[in-house]
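Down below are the structures I want you to see.
Across the two complexes that follow, chain A remains constant while its partner is chain B and subsequently chain C.
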Partner chain A sequence: MDLSAQLPALIVIAPLLAAPLCVLVGNPRLAWGVALLTSVFCFAAALGLLQMLQHVDVLSYSMGGWAPPLGIELRIDALGALLLLLLGGSSVVVTLFALRSVEHEVALERQALFYTALMLVLAGLIGITVTGDIFNIFVFLEISSLSTYALISLGRDRRALFASFRYLVMGTIGATFILIGIGFMYVMTGTLNLQDLAERLPAVADTRAIRAAFAFLTIGLGLKAAMFPLHIWLPNAYAYSPSVVSAFLASTATKVAIYVLVRVLLSLYGAHFSLGELPFDKLLLVLGSVGIVAGSLVAIFQSNVKRMLAYSSIAQVGYILLAIGLASQPGFTAALLHLFNHAIIKGSLFLALGVVSFRFTGAKLADMAGLGKTMPWTMAAFVVGGLSLIGVPATAGFISKWYLVIALIDASLWPLAILVLFGSLLAVVYIGRVIEVAYYRQPARDLPRKQIPITMVGSLWLLTLGNVYFGLNTEFSLGLVSLAVSSLMGVGV
Partner chain B sequence: MSIQAHYLLMLLIPLLTAAGVVSLRRYPNLREAITLLGGGLLFSVVASLAATFDPAQPVTMTLLQPMQGISLALRLEPLGLLFALVASFLWPVTSLYAIGYMRAHHEKNQTRFYTAFAVSIFATMLITLSANLLTLFLAYEMLTLFTLPLVTHAGTKQARRAGWVYLGILMGTSIGFLLLAIVWTWALAGTLEFTPGGILNHETDGALLGALLVLYVFGTGKAALMPFHRWLPAAMVAPTPVSALLHAVAVVKAGVFTILKVVVYVFGVDLVGTLDSAYWLSLLAGFTIISASVVAMSLDNLKARLAYSTISQLSYIILAAMLGVSSGIIAGSLHIAMHAFAKITLFFCAGAILVAAHKTRVSELNGIGRSMPLTMTAFLIAALSVVGLPPFGGSWSKWWLLQATLDAHNSLLLLVLLVSSLLNLFYLVSIPLRAFFAAPADEAYNQGVREAPLPSLIAIIITMTGCLLLFLLVEPLWNLASGIV
Partner chain C sequence: MADFFGQFNYWVVVLLMMAGLYIVIASANLVKKLIGLSVFQASVFILYITFGKVSGGAPPILSPELEVYSNPLPHVLILTAIVVGVATTAVGLALIVRIHEAYGSTDEDEIDQMDDADDYPARK
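For the complex of A and B:
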């Protein structure tokens, strides 16, 4: 049996099996080893799948040999591969970082369970990405969400429990909406396979049920993606969860929700219906813009740096949604590029805060006084990530901003182009506040110097260098994104 | 050595100097020696490049290509060479000055100071070498970020607040307007390369191009055109060597350099001449010239007065660029050099007075010329050069500026220039006169005041001599300036 042909299935099954294995081994270090190996495997598998996509446009895999649309199909195109790479990559970096960070932040008896939950989240997110069946998307979404709630609740701060509960309530509402949407579509078309569904939808598109399904799906997904004003769960969830979890969620969870949203809008309903006939494009433009301004403004006034980054994430989701709302090829390119770049940017920033929390409890702005001197490498990484978030040239963030502004000018939406740049200025302010405190304030109290483990600094700098690399060489990211966009446009428009 | 190697050396020498300064932080004498050495090397590299420079055959060197059609690339053209010569010559001179100043003033964090200084020069060199708008923008932002620690050097509340104003205005305008203008240019022209004659299509709607020009001029906050000038007086909290080299030469000249580059190589001089908005911008520059002079007159703090004088002088160059005639470009680029030497001398003198006599106000300077004759003579010469009187360098750029307003048939701006010269005479030249001839409050007022430390004094004499020599030996500069268009 050729193993590479089974990769689409293995990439989901590996983390799914690793999860119970982590419970069984019990020992935190061993569980970490299992998690790391699994992550590396997923990353390698993603690379392998990408390699296979050089020859074909779409990889289709029939689960158990049952042919679609009756059997369950796994379906991977360039966009899916992009997401898989992102998921595998973040998982490797974050797990590497987790070794010492989790020892520091999570109670001993829960550390093995932590890795179990992490693997389940990974399995869920990968499952969402590879499956070609809309009901499977719901199932995997629940797998990842439930384990995410568990991960968030492991935070040291007791407010983590409440944050987790709030996310649980809102996340469940979102998932239910998605399920209702799926149900409506099933009733109308009698199929759950995405391909099949896309073919059958146009015939019944003009019915109230399908429109309602569309509304339920987009609202449910908008909630998972933290689309303004459905973002309320996000700030506390990011702020109070363990550092590793914030970094992982910020670079993957909302991204996967946006991925599903793009799939639903473009592959399933088609851009003509969802972004033309229905005014969802206008809605995205408005909500995206408001999200950018509101998220950035609120970020400026946070005293907890993790919370600040969380609000910044809401703004960044705004950029992506705004770009999707343009419903044009440059717009989709900008959206996917930012999806990719922002994962690296936010990942590196949250990891930098993870290092800070390794020395202090939490990441309060006041604690960061004088860190420019006492933790020069960590703060340097934070500065690079911050510059990238602002969109300074030679960083990944600049590339996203560049394509976004080009796309907006292309659509003659001048006010929005100015708004996007205004958003960058707000980022200057909230990143600048941290830098000012870290470099120009004297530390309030003298803490004993603490050796920062090489795994933490190493994984942090891996992402930081990625920030610069993808700002200077876009051959890979842009190439993959263009492929993904052309495959999306091929189906949708 | 090939020209490409020269380009790389121009960038590497400041960086290596910065590395050397950091690694020698425990040995102040060696640390300062390496700064001087780096400065000397840099100037000799630029000078040897100038000796063999052939404007007809520009050499391009592509470093990286982040996106299709958009690259980070280096290419030296006459304007860039002129700016590079001025900046690289004044860097070691300022370092020499700084040695005397920083030690006599017992400044803290001197290693950070010299390091940030060197990397700021790196950014300046990158600006002079940039072959396209993206490279220019990258270097422009770098220069803002690298000079920020110098502005906030003192670490006081006032310095931090000044840092925010500095960062807010410079980054705000550059991201809000300049970046938008660059992306728009890309959308219109499909390229960002600096090309003689411009890259924009002359057929494009004039109102659109006019708006683009406005974005460029306002986006270049470093040129300090009103109403985006507040950062420059705010930056005066920095140590005097910073005000002298960065806020009278490198940073502000990077601003007007950007505007000149855009006018010559993105729009093309002829196209700018046809735009309505260029006319309005030239009027705004005229307004800035006069009103900054009036503000300068009302200020008693010496450095603040010099800062407003700089704002006024920068607008001379903006005005010259907006006239849309080739004599304006010559005037603007000559003024970069002339004003640099004069204004750096003035700042050096202001710093010398601060260090030697602990005085910061104009009204306190009565009779100080008798204790600091060299310093105040240098001040007088530099002030006369700013006014534009022969036999000093400033007279040449003033001459061409007047010529340019005549070429553009703009007698209103001619009048503005004449009035402004009179104002300059009043608020700058009055200072040394007061120092030499006004009687101090009492006999003991200036007792114990001596000239500044020797290194600083040497630096003052060098730049003062420069003001004189630029009048006599203007030809090489003029050749460069007239080679631009």
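For the complex of A and C:
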């Protein structure tokens, strides 16, 4: 049998098998090697799947040879491939960075277990992306969430423990809500296969059970995606977890939750029902806007730079939800573009802070005085990432904000377009604070020079260059996103 | 009244669900929070198991004399969810042990106060 036909299954199984292997080898360096190899394999497999999608619209794989809808189906379309590339890519970069960062931040006896949890998170997130079965989504979600709790709790600060516990409580409530929603839909339709569900839902759409299921699913996924009023778990979880974990979670975890939300809204219920008949589009517009302003405003007043970026993430999720709330093709394009670009932006920013925390303990703003001179390369990367977050031309952030503003004007929502620009101005303020401290203040004391390992600087600059590349050359990202949107709209409307 | 007893299981589910969520929100003690979470999850287990019951249906074991069976799929699904629930409780309890070691307390309000004292030492 041709191996490439098995790729949809292998891309989940590889990290799932790598996780226990990391425990068995025990040695941190070897475990790191296993994790890196697996990440590279997943990235290569994602590229391979993308290649295969050139010829067909959808790749369908019957798990164990049982034909869907009775058997479990793995299903990958352009949107799935986009997410897989994002997951594989972030995993490679972050694992590369992890070698020295984890040695510095995590106790020796826990380092191999760190890579185990990292691989489990990767397996869970990839699983959510490839599966075509809604109950599978719940199971993979819990695989990734449980390992995420463990990863966050490995942070050096004791607050990491409490942040992790808080996330566990809220995440479990969210996942259980999703489970209730799935149950209601199963009772009404008798199927768990996403394709099959989408076909059977319209017949029973006008019942209270299906509406309740919709409410449970969107609230559960909103919790996981840190949709504005449900974001309380996020700031401390990002701020106190190890640097590697912040970078990986910021660029993948909330993104995958948004991916599932998009699937539920568009592929499952269809935009007509979810964003038209039910007023969820207006809710998304309001919550997205409030999230942008509130997240950015709170970010300005943070003294811990990691926490500042975490609040900024809530604002960025706001942009994506706002774009989805437009319920139009330009809106969805802007949402998915920002999903992709923001993953690169926040990944690079958190990695830059990872280098800073390699030198100091934590990432306090006061510590960063004069870093522009003592750590020029790291801070240069931070500045590029910051400019991209603001949305300066020639960076990835500009592209997605441009499309968002165009989409808003298209829908003649001028006030919201101005609000998006206002959000960018707030980003200028909070990124500006860091730049001011780093470049225009003298270092507080003479620090012993500490060599920054090449793996850390290398992976940081890989993402930073990605920021610039996707800002200048949009052919790849935009092409893939438009393909994903047209396949979504084709199914949904 | 017959309606009430006909949907007895669902009333229990709603009651447990609300009680569980209430404990999670209202209790400051982390262990109690976790217990509330477990009660909340258990209510969903019962909900699924009730879904699977077909009135007059036999246990789903193939037999020539029987024609109506209960639906076994929700039971299998919830078996997975129970495993997930056990794992969640285990991770949560492990975290509480570590929190107790680090803070010397399992009370949310006390921990919040200690975190505030770390964040703003001047105010103390």
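In the analysis below, the second predicted complex is superposed on the first by the 493 of 493 C-alpha atoms of A that agree within 3 Å, B and C clash if a C-alpha of one lies under 4 Å from a C-alpha of the other, contacts with A are read in each partner's own complex, and residues count from 1 in each chain.
Heads up, the rule we're going with is that contacts are C-beta pairs under 8 Å (C-beta built on N, C-alpha and C of every residue); 3 or more make two chains touch, one makes a residue touch a chain.
The structure displayed is predicted, hence computed values, not measured ones.
In the superposed model, A:Tyr440 makes contact with chain B only, not with chain C. When the shared chain is aligned, chain C comes close enough to touch A:Val139, but chain B does not. In the superposed model, A:Phe340 makes contact with neither chain B nor chain C.
Once the two complexes are overlaid on the shared chain, A:Phe165 sits against chain C while remaining clear of chain B. Looking at the shared chain after the overlay, A:Val187 reaches chain C, while chain B stays out of its contact range. By the touch criterion defined above, A:Ile173 reaches chain C but does not reach chain B. Contacts of A:Phe114 after superposition: neither chain B nor chain C is touched.
Of the two partner chains placed around the shared chain by superposition, chain B is the only one that A:Ile399 touches, whereas chain C remains out of contact.
Residues 135, 138-139, 142, 146, 149-150, 153, 158-159, 161-162, 164-165, 168-169, 172-173, 175-176, 179-180, 183, 186-187 of chain A are the ones touching chain C in the complex.
Residues 387, 390-394, 399, 401-402, 405-406, 409-410, 417-418, 421-422, 424-425, 428-429, 432, 436, 439-440, 471-474, 478 of chain A touch chain B in their complex.
The part of chain B that touches chain A in the complex is made up of residues 64, 66-67, 72, 134, 137-138, 141, 145, 149, 152, 155, 160, 163-164, 167-168, 171-172, 175-176, 179-180, 183-184, 186-187.
On the side of chain C, the complex with chain A involves touching residues 21, 24, 30, 33-34, 37, 40-41, 44, 47-48, 51, 73-74, 77, 80-81, 84, 87-88, 91-92, 95-96, 98-99, 102-103, 111, 115, 118.
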